[in-house]
Every structure is written in C-alpha cells, then in structure tokens.
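Listed after this line are the structures, all set down as structure tokens.
Two complexes, one shared chain (chain A), two partners (chain B, chain C).
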Partner chain A sequence: MLLELPSKPALSELKRYARRLAPALAMVGIFFLTAAGFFVIIGKPPIATLADMAMFAVGDSYSLSETLVKTTPILLCALATLLPARLGLVSVGADGQLFMGAIFGTAVTLAWRDAPLAILVPAMLAAGIAGGAIWGLVPGFLRGRLDVNETITTLLLNYVAALLVNALVYGPWKDPGNLGWPATIAFPAGSLGTFFGTRVHAGLVFAFVIALVLGVILARSRWGLELAILRGNAKVGRMIGLSFSRQAMVVMALGGAFGGLAGICETAAIQGRLQPGISVGYGLTGFLVAWLAGHNPVIAIPVSFLVGGLIAAGDSLQLFAKVPAASATILQGLLFATALAVGGVSARLRRAHG
Partner chain B sequence: MAEFDAITLATWIAASSRSATPLLLVMLGETLTQRTGVINLGVEGEMLMGACFGFAAGATTGDPLLGLAAGAAAGVVLSTVHAGLVLGARANQIGSGLAVWIIGLGVTSYYGRAFVGGKVDSLRPLGAHFADAPAFIRTILDQVTPTAPLALVLAGVAGVWLYRTRSGLIWRTVGESAEVARALGIRPVSVRLQSILLGGALAGLGGAVLSVDYTQTWAQDITKGKGLVAVGLVIVARWNPYLVIPTALLFGVSETAVLRLQAGGVAISPSLLATTPYLLALVVIILSQSQAWRAGSMPADLTAIFRSSRAAP
Partner chain C sequence: MTSRHDSPGPAPLVAMRGIVKRFGSVVADDHVDLDIYPGEVLALLGENGAGKSTLMRVLFGFYPADEGAIAIEGRPVAFGSPLAAMAAGIGMVFQQFSLIPALTVLENLLAASPRAPWWQSRRRPAVVSTLRWLQRLAPGFDAERRVQDLAVGERQIVELAKVLNLDPRVVILDEPTSVLTPAEATRLHGFVRDLAAQGKAVVLITHKIADVTACADRIAVMRRGRLMDESRLADRSPAAIVTAMVGATVAAEPADPPPAAPRPLLRVSALSTSQDDTSCPAADVTFEVGAGEILGIAGVIGNGQAALAEALTGLTRVIAGDATLDGASLAWKGDRAPPPSNAVAYIPERPLDNAVVADLDLAVNLDLRNLAGQDFFAGDAHRNARAAALLARYDVRPQNPALAARALSGGNLQKLVIARELSRTPQLVVACYPTMGLDINAATAVRRYMFEHAARGAAVVWFSEDIDDLLAYAHRIAVLHSGRCVGAVPRVNASRDGIGRMMTGIGSRTRAA
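For the complex of A and B:
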C-alpha cells in the first residue's frame, strides 16, 4: 500500500514496458473506436472526420499554435487537480480557481491601468495567483480542519466563482463603452507577450516550467515523500509527525494558485478583458488530463497537448465542417470513460494474474 | 389581515414545494443509490438528460406526462454508463460520475440545440379537482401540479420500503457490507445495478420536472449544478429518505425567497442572488458533514469508497 512493490526480477525489461504500455495502447484504440462510432451516429464519415481533427489539431503552424493556446489553461488546471491528488484529495475546483484568478488579476489591472507594464504585469499575475490560492485554500481548510469532503465543496465553489464574475462584469466593472455587452475595459495589449505573431503567450512557458519543477519536487524532495506517505496511510504519517490537515491546506492552496494563474493568463492574453465564459470547461478538462497522466506533472504536459488538440480541433470542426462544439465535450466524456474502463479492467487483470 | 397572511403563506408553500420538487427527486434517487454503497456524481448529467429529452418529448407530442416518462427513461439510459464503469470495469466511482456528467452535458448541448426557445405544456394544477376546498388549501392546489405531491409520496414510500421491507433491508445490508451480503446469498452487484438505474430514473424524472413542469423551458446546462448540490445534500439528509423532504424544502423556500426579492425590485445583482443555493448548500454541508462522519450514519462501504478514492489513479 505504502510503497510500490518491486518488480519481479524474472520479468525482463521489455516485458515490463509492454505491460505498462498495453493499457495505454488499448485505451487509445478503444477511444478511436468509440469516437468513430460517435461520428457515425451524428452522420459524419468517421475516418475522414478523425483525419480532419488531426489536421485541425497539428496540421499546420496556425492549428499547432491554437492547440498550444488551449494547452496552457488545460495544463495549469491539470496541475491544480493533480497536486491535491498526490495527497489523495479529489479536487474538481480548477474552474472556480481559474475564475477567481481572473477576478483578482482584473481588479489589479483596473486599479493600476496607467502603471507601466513592468509593474502592472507582475502585480496582475501575483493577484491572480493569490485569488486562485484563496479559492483553493477554502476547501483545503474545510477538508483539513473540519473533514468536509473536498469534492463536493470544490464543485459548489465553481458555481459561486462563475456567478461572481457575472456579478462584476454585468455590474460595477462593466465598461459603459461596450454598449451593453457585459465585459470590462480592454487589458493593455501584449501584456503577456506573444510568440511569432500567434496567440501563444507567456502562460505556456509558466505552465511548462511549473509542471517540470513540480515533477522534480514531487519525485525527489522530502515533501513529495511526505505527501505519498500521508496518502498511503495517514496514521503512519501522524506517527512520524506529519500533519494531514496542514498538507491538505498547502496542496489545495498551491493547486488553486495554478488555477488562478490559468485564469489571469487566459483573461489578459486570450480574451483581453474579463467577460463571462472565459473558461469553456478547462477545469473539468484539466481534471481529465490529470487522471490520464496518472497524476504525474511531467506526463501531464504531453497529455494536455493532446487533449488541447482535441478541443482546438473541435473549434475548427465547428467552423469548417458544421460539427457542433458540443461534440468536443462528448468526445472528452468518452475519452474519460474509456480511460476509466481500461484502467479498471487492467487493474483487475493485474490482481488476477499477480 | 389574518386571511391575507394565510393566503400569503399558502402561496409560499406552493411556490417552495414546486421549486423543491426537482431537487427532491434527484436527492431521493442519489440517497437510494448511496444506500447500496455507490456514489454517483453523474446524476448531474442524468438530470440534464431528463430535462433535455423530457422537454423534447413533451414539446413534440404535446403531452407533458409523456415528457416526464421520457425524461426518466433518458436518465436510466445514461446511468447504465456509470453502472458499466463502476460495476463492470470496477472503475473509480468519483471519476466515473464526472465522466457521466461530461457525457450528459455534451449530449444534451448537442441534441438540445433544436429545442432552445421551444414551448411545452405543463401539467394542470390540482385546484380544478377540488373546487370546494377551503381558501387556504385551494390557493395551494391552484398553484401546484401533481409532481410536487408525487415527489413527497415517493420519498415516503421509499422510506417505508427501505426501513420496513425485506428488499429494503437487503439494500441497506449491501451498503454496509457487500461481504456480509454475499455471505447471506445476496448478489451485491445486482442490487447496486438496480440502485444505480433507479437513481438514474429519479434524476431523469427530476430533470424533466424542472424543464417540462416547472420552468417550461430548455436551455443548455439548465440544471446548473442541481444534481451536484443533491449529491452533497444526501450527506445532510443522513442517507435517510424521510430527511430528504425537509432538506429539499429548505432549498425550495430559499429559491422562492430569492425570486420574491428579485421581483420586489431589491437592488442586488441577480448573479449574486443566484449564489444563494450553492452557499446555502455549503453551509448546511459544513454544519452536518463533520457530524455525519463521526455519527457513523454513512453506509460503511461508502466510507470505503470515499477513502479509497483518495488513492486516485
């Protein structure tokens, strides 16, 4: 329970890799089959549509850049989910943290809109991070101190945060120049930079670096081991002087900080203003990615890219092939269900065959 | 003045019970599912399925009863995904519920587009059948359709069944310990399958009541987390069908109060007012959950799910 069993010496390296890879391959295969089945049901040619999706995801430099644009918030939301999961917590709160990050960062931007970018941008990012961290700390505190289930509280807080965004952009923060459109004034252009004239911004670099650093810390540091011990057996953790409730608050607040960073980056660089609908379910997508990546931050990088491609392709399919955007949501659900089914069955087979 | 007060009270009772009905049905279903040791966050998606396809059936046939039946059926259909993943593949229950939610959200946004802005007939208020009832009763019956009393009766029947009958005892045993149940010759998987499907039917019915009978509209993501709120409130109601009634009514009263405030022209942002049910749910869950763990009223096998879901991957 506490430590992974050492691999049997008799098992050759190759066989071990095959065993690890088989479920992943089975998952991809089954997912493509169900996706093809879905396209048949909605009356689209399955093979051609799947090929179109691949083209729209990575086929040319524009598609690739749009995939990277989607990868950014998804990766950060995945990190917001997987860090609490390393302590065994099931947080579904990345969406709410994203909204709170957007709100806090926007508050700073509106207050200091005339400040030079060199001051404004760091302050804006810090505020966004703080907003998300607070929104993670609340369920972390409730879980750590009062033993209130974090899955339910994070889900409820998502709705509260989304409504707070609406209250602000329909109310005190609405730019009268928008002629009734609920949004704040525009953010200063280029605050987060752009790469090669695309919409890709500094947020991608932040996400990438955080994922790598987090991967190293979780795998190598004392703290990473503490989380693993507490997850495996809280009683043992307590006996060697570790505090579950403190760690619950730490991982939830840190995870929230990642979600908040996603929110302010998305608002400043992609939307250019705070408005309703800044997240199209990035939080849930991040949850899916964290799960697919086995809660490993480094593996979450390529998985975010693949799922980001799926969503970017969904947007393009809507524009060019008249496939409604909701189909990207359905495909994500099918992908998640496939991953769960394959994971469950392969765990069962492993148990059965030792 | 006394007459006016009584009528106002009757109006509030009617409005609260109407708005509580969808939540009550979903909560009841989730309560029974959790009683057998299965948690299903997918009721949010199943409720959406019921709301969408119930509305579609009601709008195309013009028969609200058919709409409600179609909604319940749509909920059952989606709940088979949760059953397959959880019982068939032994997948993680929290993850499976979220997957089911995402699928329901996607499917209903996809097929619901055609019905946005559509019209549907609701069920007739009960008042017409009771012309000579006293004014107080009459006021309530004039504003209440059969779904509200039906939901109350269902909750009562579920309580009696769960606590007083042999099969109810079987369900409770499976929830406490599948192992003990197996030793008694009960097949836990079969009981859990039934409970997931029943939960799906009630969630779908709740969704259909919401779209066909209560709001008479369909919009994308119309449930806005009602199903998730219900999952949280099951804890508040202590996995007890009888306690589902007051818990749901509390939310009905709060929704009625919010609607009255808005209609009364109170200068609070409607979005801020709309946070009420979520914050109220948070507060009651915080107040009761820390108690519930200690009191041990949670089905024991469910506790294991909550604990084991911690080891997520």
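For the complex of A and C:
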C-alpha cells in the first residue's frame, strides 16, 4: 500500500523487489532504533556510539579482519544447524560438535606434533571433522532409529563435550610448562595459514566454499529435494522409497562435521592451543543465524558477517568506549529479536495481502 | 428459468441479493440471489467450482462479497469474520476439517464451546452438554479418542457436533456425505430432516443427487457462478437437476464386462497387519484379483481399509500372510520396508496427508515416482514440461506447475494424485475412494482412467464408500468388516441390501472367491 505504482511491467518488477527488500530495511531501521535506545539507557551518546560500532566492525582493515575471524565459526555453526533443519530436525548441538572437533584435531596434533605440516594439517582437519561428525551422528542415529528427540540429545551432548575438554586440559593433556594454566601445548605456528598478517585463516575459505556448494546442492539437487519431501511429508517419502532414518543420520553427521571443522580451525588458528572457552557461544549464535537466514546456506553468509561484525565491534567498544562487556550480547539479542519480529510481521502482511 | 419461492410460507431467514465474488479475474459468484427459510432443507447443487461453496463462505463471513447485500430477518448484515456470523446464528461444516488432531474429541469440542473458560472444565454438566449432539449423531462414540486416530467419516461427525454445539439457526453443510458410508449418510439425511423439523434452516452443499432426493425440500442449482434453477424438489426430476448442473446430460458410461477367465495376478493370502497402529488392522484377509479384473471393496470407513491398502503397497508391516503380484511379494515382512514397486499405483485416502507434499510445487509432486532414477542435478525444465502436460491432460486446475500443492482444492488435489499414479503403466492399481469430492464429470473421468488399466490387463483393487458405484462398475465386490474380508461375490450376484448387511457384520462369512 506504500507502493502504489502504475502497473507497467518494469515498475511491477521494481515493486516486487521493493516488497522483498522492505522487510530487510525495516529490520535494520528498527534495530538501529532499539540499539540507540539501549545506548541512551546506559548513558552513551547513541549516534556517536553507533558510528563507533560501525567503525569497529568494518571501518579499517584490522576491524574488518577481526569481523571475518568471528564470521568463520559462526557461519560453520550456522551450516551445522541449517542442514538438519532442511530435514525438519532442530539441532542445537553445534557447540558440542565444535568442542569434539577441537578435541579430535588436538589429539592428532599432540600425537604427531613433529610431523611435517603438510601431513599434520590435513590429518588434524580430518580428525576434527570426524569428531564433529561423530557428535552429530549419535543424535542422528538416536532420532532416526529410536525416535529420540534430537533437540534434547544435542543439547545434553553439548555439556558432555564441553566438560570433556575441561577434563582433558586440566588432566592428561595439560602442558606442565603452563604452570597450572589449563591448556595443551601450543599448536605449530601457521598451521592454517593467515592472510595479510591478520588473524583471518583458511577456515574462512572453507566456510565460504561449503556454504556456497551446500547452497547449490540443497537448491538444485535431487538430494535437496528428497530432504524437502521427507520434511514435508515423511509418509510420502516412505512411499517413494526414501528413508527418513538414513537421511537423519546423514544430515546430522554432515552438520556435525561442519561444527567440528569450526572447532579445530578455531583451536589451531585463533587460540593456538586447546583450552576451555574456545567457543564464546558460537554454536547458539550459529543456530540463530541459521533461523534468520531461513535455513538458506547462501543467505547465512551475509547474516554471519553481520553478526560477526556486531561481536567484533562489541569487543572493541568494551575496550575503547568503556561500554559494559555484556553490550555485545545485548545488541545481538536485540538484532535477533528485531529480525524475528519483523520477519513474522512481514509474513503476516504477505499472507493478508497476497 | 428461475422460479421464485412463491408459496405464502414464512419470510426468509436469510436473503442474499446480487452477491458477486471475484478471485482476481475469475468470477466465482455472479449476481446470485438466494433465500434461505427456517424449517427447510435447501440443497445447493453444482459441480466443482460452480461457486456454491464460495457463496456459502460469503454468507459465513469467510470472504467479503464484492457486491450485493445479505439480510437476516430483513435486517442488513455484513459479517467481517466467521466469528461474527456464528454470533448471528450461522454455522458451517467445511469439507476440510478444523479439528486439532493432537487433542481428543472431547477436548476439541470443549475448546470450541462458546462459553469455554480459559481452562478446561471437565465438570460433568459441561461435558454432558458438550457431548449432547455427538451422542445423538453417533451413539456410543468414544470421545476420549484423539482426532488424529479417527477415520474421515468419524471426523465429519465430530465437526458437525462442534458446529451444532453453537446452537446455530442456519446450518451449512459442505459436501457432508462425500466421506460417509451409505448407513452413515442415511443417518445424516435423517438428522438433517430432524434439524429442519426443529425449525433450523439447513443448507446442504452437494453434488450428489442421492442427498437431494433423500432430504431436500428445495433445490438451488449453480453452474459457473450463476444460479441456474431454483425450485421445490417435488417440481424437478433427478434428470432435470443433473441437466441444470452439468449443462448437458451425462451419458451413463457402460460398465466393462469382467474378463472371462482371468489369470490370477494379485494373490492375498491370510494377510494380517500389526496391531500397533490405532486404526483397525487387516485380519486374515484372503482374496485374488485376476488380470483385467476390478475388485471393489465396500465397507464402513475405519474397518481396515487403510491397513489393507497400505499392506498391499508395502507401507505397513505385515505380521502374517503375504500379498504377491505375479508371484513377487509386495508385503513388508521383515525389518526393512520393500523398495517401492513401479508395478503398483496407489491412490490413498486423504491425499493432502497421504499422497502429496503440501509445501512443494505441483511439478515435484507429479514427479515423485520418478525421482529415484533421476540425475543428481536433474534441473526442472523437463519436470515442468512434464507437469504442464499432465495438468492439462488430467484437467487439474489451476494449471500452474509452480503452485504449491496445498493451494489446490480437494477435488483438484485428488486429480493431481490420479495424474501421477495412473499416468504410469502399473500392473496393480490400489485406489482408496478415488472419486471422493469430485463432481460427476471428474468422477466419470477418474473411473475411466482406472478402468483403462483394467482393460490393459492390470488388477484393480478399488475401495469405495459408494455401493451404487461398486455395483455399477466393479467386477466382483468384497466387504471389509473389522479388518476381515467377508466375501467377494461377482457383481451379478451382489445386491445393495446384501452388501449393506455384510458391512454391518451381519451375515455369514462367505467363502472367499
């Protein structure tokens, strides 16, 4: 109704794009308004702080690189969530898969620490991917074969994996040279490569490529269609010979593999060693990104970048603008709440007005 | 040819004048005038898409009218929503049901009660008053069962009870008998008479002449959005009604003669399905169907039809016995379901739940059976072209392959499934109520598609709720009762009464032919 344009073909095309774009613009606008309100409440000048935030997210090459560093695990965790969601499964297990990937990859690194990087790095990545895949396959198997709710099992397995990390780094894997600090020995430097002297590592490339390939496969392939059929009507899927239980295991294991890759990349390239707290809620953030992206891997790329920027800017703001540490989390919450609300309202309007 | 209701009877309860309803460029209702009188059953007749459901939905506040006016007892009204219409005493039972599957019947009825508090009162007076109509409609109905476990005929009864609980003055029934057995339909007809005798105005939307002759006082026939005829029932012959409905008389299609000495193709021997499903399992079912033969299976809905059909198509586990097609077993006997057989075409009941993926487009839904053999990246050009051809050939409307299946009406959805299943060359056709919800021409076409396969040499197992259809077209007729197959008699030896008796479980278990 805002866009009463004459119904010439070119203009109606324009109208369609505007209709599609309007919710996104509304979302950004409302997010800035609520964020400004938040800064007013904590006594910061809203416009200036928002401008600072934008600067700290993408303002210079260092900020941009830090944003990309955060984008990497978020995007992989989003992929770990959205692939099972294409079958109708709700996995919240990306964090646990990330931890298991870190554990498996670290185990290989500790065992072959003297091997040449050309052998060690592929083995480490493969182990990380396998660890995450196993951590996804378990709930996938339980769901597929025994009909155990995958949301609950993935949630609980998160705790198991996180505590397993603690048990290892406080116990057998603790580096005595650390003087009691719970962490393993340092990984060999530069194992995952870095770009232009920043902390951006090969994991970003992996995440991008996986997201794009997955996007094409889900949208265009027979397998993507089979997942959609099983999600839409499992009975019809069975009628044409598709197996829900097999696909549940496949998507959960593949999703877990993405989470595991996030874990080993984060450990090897960013932390440099296995220690508690390698994930600052990347799994949950990835979960929300997946839902915001409508479970579309390609859309998950910009959304991950946006959220990564928010987190990176939050870190810098905390250092330089003296805003509380929780601000980044609060802003993230505002972003997700706004996005979900705007999405809901626009879907409702679409239904009402055809 | 419109003749006004000119008897000096009571004033109309509802007067609709000049109603126009458009959907885009399609005119669903074109300046329709209709009066509805208290204490009278009005049969609103017409083919699929004639605009009869739309007209009643306008009255029910479901759609706003584009033009025209509605008056109740002479006072103009404009219902913005079904809630407003219900408050004014108008109740409507839809073809697609509005029950909550996960709740029990009682919970559904309690939740719909007009004075329901926000918590569910299970106090005895509340329960008794909530169940009063259900008990009259179906004595002995267990209201603690979940709606998802009910057969479609049972859901209909619950839906009707739910509307009657609101104590409406006008009761609109949208194709109520399309899912009922003859006995249930007869009971419903009696019930409709009863409601009219109590002074309610009843509108029966239907395309079945049997409904009309059984209980209507007055008929209104619609075709392509216009009111073609309106008269007292006594003034019109059934043939005249059909002519008004379809525009041209439909020649009764000749029934194919049964094959002389058919080679047995489908052998079902002592087949039993597992009990773990809440619906009635098939128990010790034995029959044979020869090549080119049509076996009609009559039975009250919920007597094992779904279990038997799914056993024949390998979708339900079989605990004893076997079903073989040309010597190869179709049954799911071990741990793993058998791979889908290309030799079997299956038209299940409730297509939206059992046969299509509602959120996916028509092209994909038509292509489901071919998916397994396709390339990993097949592309949709071929699929869309194939879909467009099938939609045109089987007259599915709208003919847009990109439309989601849930956008189709019940009859068109049924045609979509038939297009997918019967455009192949199966050796066995298992069809559950394939003509349900279809108008005369569409139903004729569906039967023709089915029987073409029989003429080609396929075995056809046809579950139907309509004994007259079975008597007219099936070569042999068996009856399912409580999961047991109680006889398979050649059509010439079958009688309506005999089958009706077997459907209720009376009569001996005749030998399986």
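Couple of notes before you dig in:
Note that the second predicted complex is superposed on the first by the 343 of 354 C-alpha atoms of A that agree within 3 Å, B and C clash if a C-alpha of one lies under 4 Å from a C-alpha of the other, contacts with A are read in each partner's own complex, and residues count from 1 in each chain.
Following the convention adopted for this analysis, a residue touches a chain if its C-beta (ideal position, glycine included) is under 8 Å from a C-beta of that chain, and two chains touch if they have at least 3 such contacts.
Remember, it's a predicted structure, so these values are computed and weren't measured experimentally.
A count of residues in chain A touched by chain B and by chain C gives the higher number to B.
By the touch criterion stated above, A:99 is placed in contact with neither chain B nor chain C. Once the two complexes are overlaid on the shared chain, A:31 sits clear of chain B and of chain C alike. Once chain A of one complex is fitted onto chain A of the other, the partner contacts of A:223 are limited to chain C, with no touch recorded for chain B.
Once the two complexes are laid over each other on the shared chain, residue contacts for A:258 go to neither chain B nor chain C.
In the superposed model, A:135 makes contact with neither chain B nor chain C.
With both structures placed on the common chain, the touch criterion links A:236 to chain C but leaves chain B unconnected. Common to the chain B and chain C contact sets on chain A are residues 232.
Of all residues in chain B, only 41, 81, 84-85, 88-92, 94-96, 98-107, 109-110, 113, 224-225, 228-229, 231-232, 235, 269, 271-272, 274-275, 278-279, 281-282, 285-286, 289-290, 293, 306, 309-313 touch chain A in the complex they form.
Contact residues on chain A toward chain B in their complex (touch as defined above): 42, 85, 87-90, 92, 142, 146-149, 151-153, 155-160, 163-164, 166-167, 170-171, 231-232, 284, 287-288, 291, 294-295, 324, 326-334, 336-337, 340-345, 347-348.
Contact residues of chain A toward chain C in the complex are 220-223, 225-226, 228-229, 232-233, 235-236, 238-241.
Within the complex formed with chain A, the residues of chain C that make contact are 313, 315, 337, 339-340, 346, 353-360, 364, 368-369, 371-372, 374-379.
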